[in-house]
């Protein structure tokens, strides 16, 4: 099993979710994060003080999937989250060794 | 038996002028007979001043928070800034020329607009007085001005709700300057400019005093006609508007509707989630609007007396009724009674009772509130969705619709048969406030005419102004800036850093 | 030397009636002698109206925020909605029959409750007046009504704090209707209904004027006795309550205690963390309560005079003292001085000074505040934990306990020896407000009796009403809905979308 | 032709004393001649009371939120607690000895400070009165006290902004006690203590009445001189300060500057991001400051009349102008118009118009606002960065700088040639308020002297007090506690649990 | 070493923490997340607009443990977080290759 | 490729970011988290109720880097985030199998 972790632009969440349900993935977890990268931030000014803010709001999506589904899932996310403009984000894939559904105790693929 | 004083605000300063003109002939005849002009009393003065402060509190922080809580967090500051700066801007315009345009005689254009004789508050000092609605009662003109000023400040701020989350700040400032100048001040003049009770009483008495001398009588009658004719167009139609249902609410509601159509929908409207970012702020705003509205409605009586107290009670119970009405209709229609529903109902009730506050009775006001709450709910939830315009914060659905319900309702509920106060009459018993005979058709038609003129004036005028502003600076921010949020894009700040 | 006017609110309208009855015999005798009924002045009218607005501001947004900030974020809107809708609901009830039940004669039940003669505000118009506490001074009855109305609106809203985070919204609405009808209006009648100073002065003068004619004297004395007997039960016991310590605070505090016991503890109470979700909102609420409470306490004087100013100062310093008292006791006991402590102390002080505001002197008020701050802290932190009831927001610990301290303290601090104003006496010098001899035991016992009756009436009555509501709609939401939070479960909204 | 009444607050109680002293000789001569002392009217009383409530609302929640929103979330409650508890603390001090020190005669030290004759409000009752600025007009002394009290409560609260986010709570409380005692009450006495219009009129009339009798004339003239000399130092210099520009704003601004230098910069200042955690709270605060400031400025007139109304208008438009001024200067200089800029400009305008409110005309006030907005922007954005002191919330940049602009501007704009009201003169027409000849140099120099004394008194005095407090309890929290945030470290609470 | 990552219902945090300390695990990191899965969301209505909200508040717990403790830890979390109702959440286990305690520079097992 | 995940004290963010850019790492993602560990929490008191709060605010930093850069990155973070006082936090390293830049579709090392 794998975890696909994607950093995306916040307003792309609904599209990504729809793309995933479109390919049969019905579970995911979302975290609000701040991202630093090539995309340039903005300047905030409060009375005298100017702050160059380089961290931008992003969403991190984590989806646990069977190894065989990984490519489909990555493609779905990449397709839905793309605007073509800098800051669209990244997708990372890691292995998970074990999964449990707390409610039932089912494990691994059955847990997803 | 004719009607006069059909609206509630006097022609500031005329009282003084009238008093002065009385003094002259008196001096010419016999010093002993010189009547002293009425002096303001401290109770009325305190009442009007604090009423003005309350109206300011309605705008900031009241309206700013009511609106701000409903937008997304990334646009919070933009709304707050818009309301705050509009208040600042209009206050300067008001003392510069706004007051003069609204409350002086406009010569040939007097039906529509005043003149510049009091530009820069020329000639107004701490001894100047303004008429109220009782004979022989005046308030300091400065108190009248500050009270009126708060109305001019809040009205354009109401409009911003219609195109929140996408308007360019510079465009809004330019729009505000043009809109108050060409829409608001004329409307205020048309509805609220009149000669005041003492001027009318004096003219009527002069007719009586002229006795049998035909020439003198004719002169006196001509004078009376002139005094009565010295009024704004809607006022002269006999339309009743206690505290500004037409000038403020219908006017702003229509401008908002036009604005949101001209600017177009927000990006993602109908597709993305756009829930209010903080209903807590909206509740604070609604509560302060409710509290402050007593200044608006009861304060419009300009005197602290039983009528002011009745206007306050009417304001309270119409709001209570509309709150319950929206809440229960929503509960029935959507399954849950919401805070936003209760708060929206409250505002709808406040809007509807505005023109009626000093004319209806408490039971009539409850009925007005019940109707306004239900009908505005339907406009905001069904009609808007049907037509598909993106009136972000329902300026039209609440202020426009509620204002029209109130304006027409006032024409009905003023009837003494329905517990109303009756239509005021300053002529039949000069020096006293009498009640004119109530005729349903006449009165309701006068109300409808007032509404129609307001809709046309504000609709066409606002449209033209939006177009002009669009050409000069562009009304709308770019899509990128709209996505980023106006707070950062337009103001370089973020509302929350928690 | 007898006492009268032991509470502070007059029998609205009687002043008018009394004046009218004076006119008749006068006309029969000699037209020149006809006394004109007193007229309201604009200063008092403005004062009472703005005081009413301030009391509304205490409720919304004041109380709503004070309470709302203390619950978890998921229940924020439920508390705000409860307070807001209670205000709307009670306002309608009040003008429909509440005012009449509280402030008209109840015939045979007059000791406990009024009648329906002013239901729908029948007979009240802009010329009707209500008595104040000075002979010959009246205010518009509409002003008296709106002021009283705000008290009726805030009292049931106070109760919701006791069972916040678990009560069903529909149950709360039903409870509110029943509770104001059967608990609040009777309490208001028992404590505040009396004949007014002018009626008493007239009756006393009539006794004097009756001279030696035995029959006339007997009739006049009977009339005087009748006038004095035309009062609510607690009033007639001589209990002093300047602005509603019993009617509002003890009453709400006891109802809250009963309610939180009947509903039971919140899920997770004592086990899960339930910190206030926003002490910022609580601070805003506390501050607006402090500011608005001047309307409540000084406004209860019904006239803008030196006594009103003294009541305002007392309100200020008792609050300041209780703030410091709670803060320092907490600092000593728990190691840190907290904002919530300061704010809670302020409310405790405001509650305690409510019955005393116009009777104690500033130094007495400081002492009252110091005691209230410390004792309420102990109740909220130790006593509650010992007994284990879940009074979510300490309605009993602050309003109940603070109210009782204030009610009894008033009986002591009214003494002129302690800088108080003395017990008022309208009879010994008819037409003037004199001071009755102060007897410690008598006065304190009268206060205790008032407290006991309030505790019993509110305790038993509220219990019965809670049980009835529980049977009809169920008091409490299901465990799932309580976990989810009332905002989503009951109202379909979320407070914050940041 | 001499000037008097150069500041705006009367010597409370002296009116009563004067009246009493008038009664004695009158009785000795002929009972018929006894003049009755003036009585307060309800309009002025209501006006002053509600003005006091508004000033309290400026402090809590207004100032607390304005400041609180600007700090980081971890220090939010500390700021709120500081402001709230300062208000509580100073209210107790004020009635205990503060009022007496400010508004009684100080014997030999009378130029600088009053005495203890009214400690614990000894001798003040509901019939005591205080002078206003019109002959023959008084208000209840309790009303004067509560109004003054709110000024004493807010002034030290202004200072906390300068060293927010690092001051120890215990140190702040001790500082407050010492600062109001040794800095504020003397300043209030120096600027606002005088004999009142009636005392002066009586003395002037006595001189006239003395006629040709040389001895009597000499005695009467000596009496007049004594009455005029019975005033605070700055008052006697002829410096005009309508509502407290020196006593409140410059005083607090300088104390803040000294404080932030003595305490040193915050950890991470200039290196870490320290954006305001909630500009929404700052906006609410700014709006309530604006609204409440009418109580401060117009209320300082102590009477509800045309001058009060003019002061209210001046307050409104100066604020509007300064809002626009800061906004547009910032827009030009930094590229974006910010909400914080608009709000800061508003406060700068309010500060600047404070001393001028009843003396300048509306157009003069607009100019004052335009200047204040721009200059304060430069101080907060450029000067502060240049010198590198860490005045956290720009107490000096806004209150100090804005106060100085206003104080000196008042000396110019009071000129009738510039639309001002002219310098008041109570002597040339005893019993009436006349206008003294305006001399630019004299007046501006008087203003500058007032400013300089304030700067010196507050600068040196505050420095000494900070040092004393530092020795006794330590001014600053440890670095660890500063990192953790004062909310948890000092108060054991967190502002938000969302 | 492994990282045990669990998505749980928010009000279960204290119980999970207690269960972990009960088996000697004294460190963990918690993140507020929003979860999408079988558990159905709710509808929010604001004036005219109805929003079907399918993301529910959850907490993500991350615990770094030695490989030998993994089963114990998974069992402890699963036991404490279980209500038996839909939405109880998931547990995922991944490998970590390296761990450092910043304060001391200790590495791997010693760093936990 | 690896993901370096670090739990640090919040006020150390800027220094860590600077340290990373100093060694040529120009992308990272930050999450607000709450940590439980040896560092003791605080007690909050609200009227009667005392809460021992053991979760402290921390930031989680995630940096995806090529395997060869891992040690440099760990050292940079450890150096910058250190105060030497309890609670400085941890660094964990995991493998990632795949990375994608959404904007361009570039993969693996090119995606970082």
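So that you can tell them apart, the chains are marked A, B, C, D, E and F in the order they are listed, and the count of residues begins at 1 in each.
Operating definition for what follows: contacts are C-beta pairs under 8 Å (C-beta built on N, C-alpha and C of every residue); 3 or more make two chains touch, one makes a residue touch a chain.
Predicted model only: the values in this text are computed from it and were never measured.
Enquirer: What is the touch distance from subunit E to subunit F, in steps?
Expert: 1
Enquirer: Are the interface residues of subunit A and subunit E largely the same numbers on each copy, more than half shared, or largely different?
Expert: Subunit A vs subunit E: different; shared/all numbers falls short of half.
Enquirer: Determine which of the two chain pairs, B-E or A-B, is joined by the larger number of C-beta pairs in contact.
Expert: Result of the comparison of B-E and A-B: B-E.
Enquirer: Between subunit A and subunit E, tell me the centre distance in angstrom, where each centre is the average of that chain's C-alpha atoms.
Expert: Chain centres of subunit A and subunit E, defined by C-alpha means, are spaced 17 Å apart.
Enquirer: Once you find the CA centre of subunit C and the CA centre of subunit E, what distance in Å lies between them?
Expert: 51
Enquirer: Just give me the whole-number Å value for how far the CA centre of subunit B lies from that of subunit C.
Expert: About 35 Å, centre to centre.
Enquirer: Which subunit E residues sit where two or more other chains touch them?
Expert: In subunit E, residues 31-32, 44-46, 94-95 touch at least two other chains, as defined above.
Enquirer: Among the residues of subunit B, which ones contact at least 2 other chains?
Expert: Only 41-44, 46, 50, 273, 275-276, 278, 284, 334, 336, 338, 340, 492-494, 496, 498 qualify.
Enquirer: Can you name every pair of chains that touch?
Expert: The list of touching pairs comes to A-B, A-D, A-E, A-F, B-C, B-D, B-E, C-D, C-E, C-F, D-F, E-F.
Enquirer: Given the complex with subunit A, which residues does subunit B contribute to the contact?
Expert: So the residues of subunit B touching subunit A come out as 268, 271-273, 483-484, 488, 492-494.
Enquirer: What part of subunit E is in contact with subunit F in the complex they form?
Expert: 1, 3, 17, 26-32, 64, 94-103, 105, 111-112
Enquirer: For a test of understanding, state which residues of subunit A touch subunit F in their complex under the given definition.
Expert: Residues 2, 6-8, 31-38, 54-55, 58, 60, 70, 74, 77-78, 81-95 of subunit A touch subunit F in their complex.
Enquirer: Under the definition above, what is the set of subunit D residues touching subunit A in their complex?
Expert: Contacts found on subunit D: 70, 273-276, 330, 334, 336, 338, 340-341, 344, 380-382, 384-385, 394.
Enquirer: Tell me, which parts of subunit C touch subunit D in their complex?
Expert: Residues 41-44, 46-47, 50, 54, 72-73, 275-280, 283-284, 286-288, 290-291, 294-295, 298, 303-310, 312-313, 316-317, 319-321, 323-324, 327, 334-340, 342-343, 346, 361-363, 366, 421, 496, 498.
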